[in-house]
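Look for chain A in each of the two complexes below; its partner is chain B in the first and chain C in the second.
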Partner chain A sequence: MKRNEYDVIIVGGGITGAGTARDCAMRGLRVLLIERHDIATGATGRNHGLLHSGARYAVTDQESASECIRENMILRRIASHCVDETDGFFITLPEDDLNYQAKFVESCLAAGINAEIVDPKEALRMEPSMNPDLIGAVKVPDGSVDPFRLCAANMLDAKLHGAQVLLYTEVTGFIKDGDRIQGIRTYNHQTHKSGEYYAPVTVNAAGIWGQHIAELAGVKIGMFPAKGALLIFAHRVNGIVINRCRKPANADILVPGDTVCVIGTTSTKIPFEECDNVQVTPDEVNLLIEEGAKLAPALASTRILRAYAGVRPLVSADNDPSGRNISRGIVCLDHETRDGLKGFVTITGGKLMTYRLMAEMATDLVCQKLAVDKACGTAETPLPGAGGKNFREVAEKIWENPTTVQKAAVGRLGMAAARMQSSDSLSQSLVCECEEVSVGEINSAIERLDVSGLTDLRRRTRVGMGTCQGELCGCRAAGLLAKAHGCADRAREDLKAFMTERWKGMYPIGWGDALREAEYTQWVYKHVLGV
Partner chain B sequence: MRFDTVIIGGGLAGLTAGISLQEAGQKVAIVSAGQNAMHFFSGNFEDIGPARERVSALFASAGVRTRSSDGWMLMPMGSFREVALTLDDVAVFPETHVAEKALIVNYTGFHDFYGTFLAEALEKNGTSCRIRFVRIPEMEHLRLSPSEMRSVNIARAMDEHWEKVVSDVRLLHKDEDLIILPQVFGLKDLSVLDRIRTAFPARVAFIGTMPPSVPGIRTQMLLKRRFEVLGGTFLMGDEVTSAAMHEGIVSSVTTRNLDTARLFADHFILATGGYFSKGLVATPTLVNEPLFGLDIDYPEDRNAWYDTDFFADQPYLDFGVKTDGALRAMKDGKPVQNLYAIGSILGNTRKADYGTAAGLAIRTAFAVADTIKGGNV
Partner chain C sequence: MKLQEYTASAHNFEECMKCTICTAYCPVVPVNPRYPGPKQAGPDGERLRLKDPYFFNQALKYCLNCKRCEVVCPSGVKVADIIQSARMRYDHTPPRLRDRLLANTDFMGSLARPFAPIVNGVTGLGITKTVLDVTMAIDRHRTFPKYSGRSFERWLKRRAKEQARFPKQVAYFHGCYANYNYPQLGKDFVKVMNALGIGVQLLEKEKCCGVALIANGMSQKAARNAGHNVQALQKAVDAGLTVLTTSSTCTMTLRDEYPELLKVDNASVRDSIILATRYIYQLIESGAAQLRFKENYRARIAYHTPCHLEKLGWGIFSYELLKMIPGVEFTLLDSNCCGISGTYGFKKENYEASQAIGKPLFDQIRSVNPDFVACDCETCKWQLEMSTGYTVKNPISILADALEN
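Let's turn to the complex of A and B:
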């Protein structure tokens, strides 16, 4: 038996890869997951965070719609700490066709989505931020989901079931024996070391970058990189998800999440070279604000925190220039039957919402190849941290009289918050005041969740995601990292990279309070701290 | 109410101009919204240039001690900056090898002072470092709320209990020739700094923390007091709401707190700062000066306002109110005869003549005060 040998290698540390690693590990396979950057750096961390009811697809794609509602109900059970059960409205505005509503409700019901017509006045009472001119409203079981938390929980559970995870490690090539993939060659960007890992099956779960991975393996997948831009607002303007009741179009979903809300998206085909560095243009920003204000007029005067964009891993089918008509459906390719290449599977397409189902399909195929007969258990087994309906209930299970800081941590970590140090005032002192992240929570993330820098820390704790966008907490967290890793130089460089990354989402919306904050941050870093 | 000069903005620029004019016998009012850039002052008078001696003297009369010596200032994250004039709190070293051995002392649980960064930087320059923490019972109440361990709150506790910290540090001190403490001393009483310095047989250096800046806040309080002692009127927590202008001359302004009463003056000075202080306001399509609608030079294309590299020079910081050679503010292409713009509302438009940052604030304040005084003679 060779060193570095596994049953399955999974390429990609987004939600699909993390879910597949968890499923494979739960079925007893020896799993290695390889990720080029950090967890959730691609489309996983760059979307609405919408817990789709499936209603959006009901009219155009019944299959996707019913997949969505099934997974929606599963996630409420297995990932309760990542989900906010807000419900959603599909509203009809005067310029929309109200006749669409009947077809919409009928299609929802056919897909198993509980859609209910609500009187516009009653709907406005339930969600006062909505455009008061609305002429129709349908209530559906939408919600919001924290994709970072969901991805981290899957990754953690995979590891608890024995999976090995290598972050900042890129696949540079495949080890082949004739028509069979035997393993991968890698390069670690932190240690600058090359490696070789072996497994009878490799799963390509690299999202839009899956096309490149497939090319390295010697097969071709035609993918369609569709950029979607979004804006985060500094307040939770709405409590209930707001959608437009019409054929899916630009900027027609407003999702509340934690203390903020998110409007999106646009859809533009971009060249492959741009996937690694997507920028949000002023035109996209203008369009998002204009269309968003039609859903909730308050958006026109609400401070914007940042702009960001993700790339959907759509698999191209026709010459549709927008990508809107390509199915959001799951694509699971067995390259042995498709291309005659053994030991290689691609799982792509799909959505954040259906990651678990995608993982199940990929794992079924892996198990079939390995002749392992074990059923999938991910739909029933809760993720680490899940364990109660609301934060207070969970917090009270852990502590007798939970403090505000402890409750905030439960909001992010669920039951896993029990593992962080929070019993004394030192560990409860706040690093990030906007998001109420304590010293204890940060130290716990550094210890348990593979944190190598500030940006990794942000994805796991929300440090730097609040109104100050990291100007204060970035330094405090860098201090803790310097102490934990015993290297101040690395922490200082990391702080610079962190601020550069924060700025990337700020300059597209650089006016008003965002520019005030930016000027202040410039001053503090350059003139006061001397970074 | 009639004044010789009304200054809008009570930061470094406004106070410097106000004291200069009040010293020259003018009757001056300053309208101040409250917080200003002094709260984030590093203590280094960047770009002070030819105003070095004059500002030292003016500040000394206010009880603000400055140190005029060329050398290296140790920044909070461990880098060194070349300085010429600083507040007395700031530790200035003749070279970057600051000592053989240093003892760095911090408060347990104070995350806004970066001992680890300082130690690593100093060790690169040949100084061996030891980091130690102190905690005194008199500060424990700060821990009851998770966000109270911040510089100004500690400084308030230190005004009462600094001697306890000194005796704790004495126990920790061995043979180091340098003791490094955070800048949280002497908020109320500046003499505490010297009393701490003389309490040890080693050099004591106070190094900056995350804002708010304790030396900056103290300086602002002392300058304001000096202005008032000279007979100036300081309207705290107030803001100008409108201005009356006729034929290119400002006759009066109104403020929120004074309701219908107007402030009349011969001269008006606009020292309302940059974007953060709302002297300049940016919208998705334009940058404007909200009080008078003064002229500002900036490109229409928003993409050209920013550099995508956060640490590069940002174009938007170059935008500012346009002025003539005497710093009279321009409106519709013509200078307003009795309205001057000073400090960071100028952006970097006057960088070549007056520098940036604290230098810009002080040098433009002096220049305008001299113009106004000259006109009155």
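Let's turn to the complex of A and C:
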């Protein structure tokens, strides 16, 4: 076998690609995963991080709802370190129809979602940040999930099962033999080298960009990009997910995730060309604050850290180029039967919540094409780092008296925190003070998790995600990267790009304390550090 | 477009810009590596604790609550309040016997008072200090404040009629120290007020302000004291009285810790609670009254500003008053925490840090070599007297000494 030959090539390093790579690798296939940027740079890293119970879809889409609750329960088992079991409320406000609640609960129960009506007063006691005017509350098994960690854990497990991962490598074309895809041509943006890789099957898991990948392969998929904007608040206002008990609408979910909480989303159709450069508008910010404050009034006066937007990979139901029949369900296309193109599979649509199921469907199809008869084991096998009842138990299993830094690391890495260096004072010293990320954790991420720059590091460790948005940690982390990569110039350029990217998210919400902080950061970098 | 008009939320820690000046000014950070510092323990830690109370760190007990972090913070973050609130909310370990004894200053005072000579004799013995050190972890180097056989309250009650004759009246929150340990301070205060033509009244059943209860994890009891005291203060204020104090820490507790930490509303009385030196200074400065001093009074005085007085911003009134006394050679000591912070320095585990914090101050006092040190705080007094050998007097007592008879 040649060095560049595989059983399957997966295009896309989001959660779907990472999950598919893991599933394929666990079934014994030789896997190559290609990603144009870094892991989780598309819709995977640009959503609420909501561990849907499925309740949101129960009334409108029973199939999605039951998929969600099944995957929800699976993720709690296999990715316990990425999941925060917060539960969720669906609240009815005075302007909402309370009759909807009965229908909602009935639909939830039919989908297998444990929905329980809670007395409004009791609900307020459980989650004091909620709008005190609420007239109804239903408790459901929602939660929060860290998409970066989940994606990194899938990627890591795929690699532990032999998969090869190439980041910052873009697919430039396909190698075809008649009606069969034989491989891909690539261009690496870091080494500036072109490459060719061969496999009997290629999986297109490129999310919204899958339309472009399909075009390169010579087939057509109709994607309908819908932008969703979200705001991150500087701390956890709520401990339990808060939703509106009504038909899904704008800005009606508030999710507590790690040290912050996130309100979203909006939904705006955008042209495909804009997918690479989405921006949050003032109107969207306004809408998010106004609607968000109806869920939790404190949001009206809570500091906002940043605004961001993602693009949902919505796809028209097959063979409906008009787009009238848009599905939010999973779409798995065998282009051999659909378009007569052999060796090409597209897995798209779906949600973060159902990534594992999507990966299973895609892998089943790949295995069928390769005549491999192996069952899927991803629903039972825990991801690296999973285990333990909660992070407290895990931390105390690893260390007798965990320090704050060690506790924080376990909150992010789970059992895998045991691998990081944390015995001496240097490795325990802080890089990121807001999120308590230590030198040891950074070095361990650089070693194990394919980090080529600061932004990659942020996705894997939360460096720069806290209140100061890189003010204190950016420079320190750049120093560690310079040491690891042996190049200070590269680190300096990287730091500039990182801080610019941080500013991009602060720009739409640039007032009050966020603006003061940004000004101060600029002063620190320009006048103290001389960068 | 109507965006958020301002982002000042109930969560004051969000205003932190991470400039870290609080940590640079914290007296504990350089001497105790186990203390994470005010920024980490306060605003940064609060975000983590909101994520999960498991992030509460027992090392927060090393905070002196000196409030220096709040004084230096350019963003107005109540750093020390955040730390103390976190201790109140998340630390559920019951206070040990030692802490209970140290914290209940008024209970211990009323218990010790009838047997004052015996108690004073016993606590002064080396063997007692060794026993307390070994059994209760109260550091053997410490000198216990002496108890007085007769309380200040009793002394003043006997003179109530005489005081009532003055045309102008104030109420006095004497605090545990003036009542049980050193009634002379209260007597000096009455002497100075009378010289200004003002009579002194007690509050209706004053209780300990509660500062030591807060510091030792007994905030519920502190809140009960606070509720009681606010009622007593309210009666005085309703009767048109200003409430004066001679202890800077009691003053800060009554004014700021009640609403911020104990969530006891004192809005209607807060502005009427004033440190005596500020009241007197303003009275003299406005020309409404004057004090006549001895012509031959001579003293070289070094003034130490207690941390809690720095928090109030009122140190200037105390030392400007002292400077008004003819014959006073005055030195203002550098701003430096003395290290004792109430009951903190009495605990064996804090002794070394406590002395290390105060060292620059002790050194400066020795090099200035004054006749005595002036300070508005009784626990600073214990620390400075023990650590330097110099006598420490409350500015009110100095005024009383210097008054023309």
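FYI, the second predicted complex is superposed on the first by the 518 of 531 C-alpha atoms of A that agree within 3 Å, B and C clash if a C-alpha of one lies under 4 Å from a C-alpha of the other, contacts with A are read in each partner's own complex, and residues count from 1 in each chain.
One rule holds for everything that comes next: a residue touches a chain if its C-beta (ideal position, glycine included) is under 8 Å from a C-beta of that chain, and two chains touch if they have at least 3 such contacts.
Keep in mind that this is a model prediction, so the values were computed, not measured.
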Practice task
Specify the partner with more touching residues on chain A, choosing between chain B and chain C.
Solution key: B
Handout entry: Touching partner for A:Gly512 - first (chain B), second (chain C), both, neither
Key = both
Exercise for the section: Based on the superposed arrangement, let me know which partner A:Arg236 touches: chain B (first), chain C (second), both, or neither? Expected result: second
Exercise for the section: Determine, under the contact definition given at the top, whether A:Tyr187 touches first (chain B), second (chain C), both, or neither. Expected result: neither
Handout entry: chain B versus chain C as contact partner of A:Ala491, first or second or both or neither
Key = first
Exercise for the section: Would you check which partner chain A:Trp399 touches, where first means chain B only, second means chain C only, and both and neither mean what they say? Expected result: neither
Problem - Partner chain(s) touched by A:Lys407 [first = chain B, second = chain C, both, neither] - result: second
Practice task
State whether A:Thr302 touches chain B only (first), chain C only (second), both chains, or neither.
Solution key: second
Exercise for the section: Examine A:Tyr520 and indicate which partner it touches, taking first as chain B and second as chain C; both and neither are also allowed. Expected result: both
Practice task
Considering only the touch criterion stated at the top, classify A:Val528 as touching first (chain B), second (chain C), both, or neither.
Solution key: first
Fill in the blank from the handout: On chain A, the footprints of chain B and chain C overlap at residues 282, 285-286, 289, 404, 433, 436, 472, 511-512, 516-517, 520
Problem - Touching residues on chain A, where the partner in the complex is chain C - result: 234-236, 256, 258-259, 282-283, 285-286, 289, 298, 300-304, 391-392, 395, 404, 407-408, 411, 433-434, 436, 466-468, 471-472, 511-514, 516-517, 520
Practice task
Would you mind writing out the residues of chain B in touch with chain A in their complex?
Solution key: 37, 40-42, 44, 46, 75-79, 81, 108-109, 111-112, 114, 116-117, 119-121, 143-144, 146-147, 149, 208, 210-211, 213, 274-276, 278, 281-284, 302-303, 305-306, 308-311, 314, 316-317, 357
Completion exercise
Residue set of chain C touching chain A in the complex reads 1-4, 6-11, 13-20, 36, 39-40, 43-48, 50-52, 54-55, 57, 75
Completion exercise
Residue positions on chain A within touch of chain B in the complex are 282, 285-286, 289, 403-405, 425-426, 428-431, 433, 436, 438-439, 472, 475-476, 479-480, 482-483, 487-489, 491-492, 496, 499-500, 502-504, 507, 510-512, 515-520, 522-531
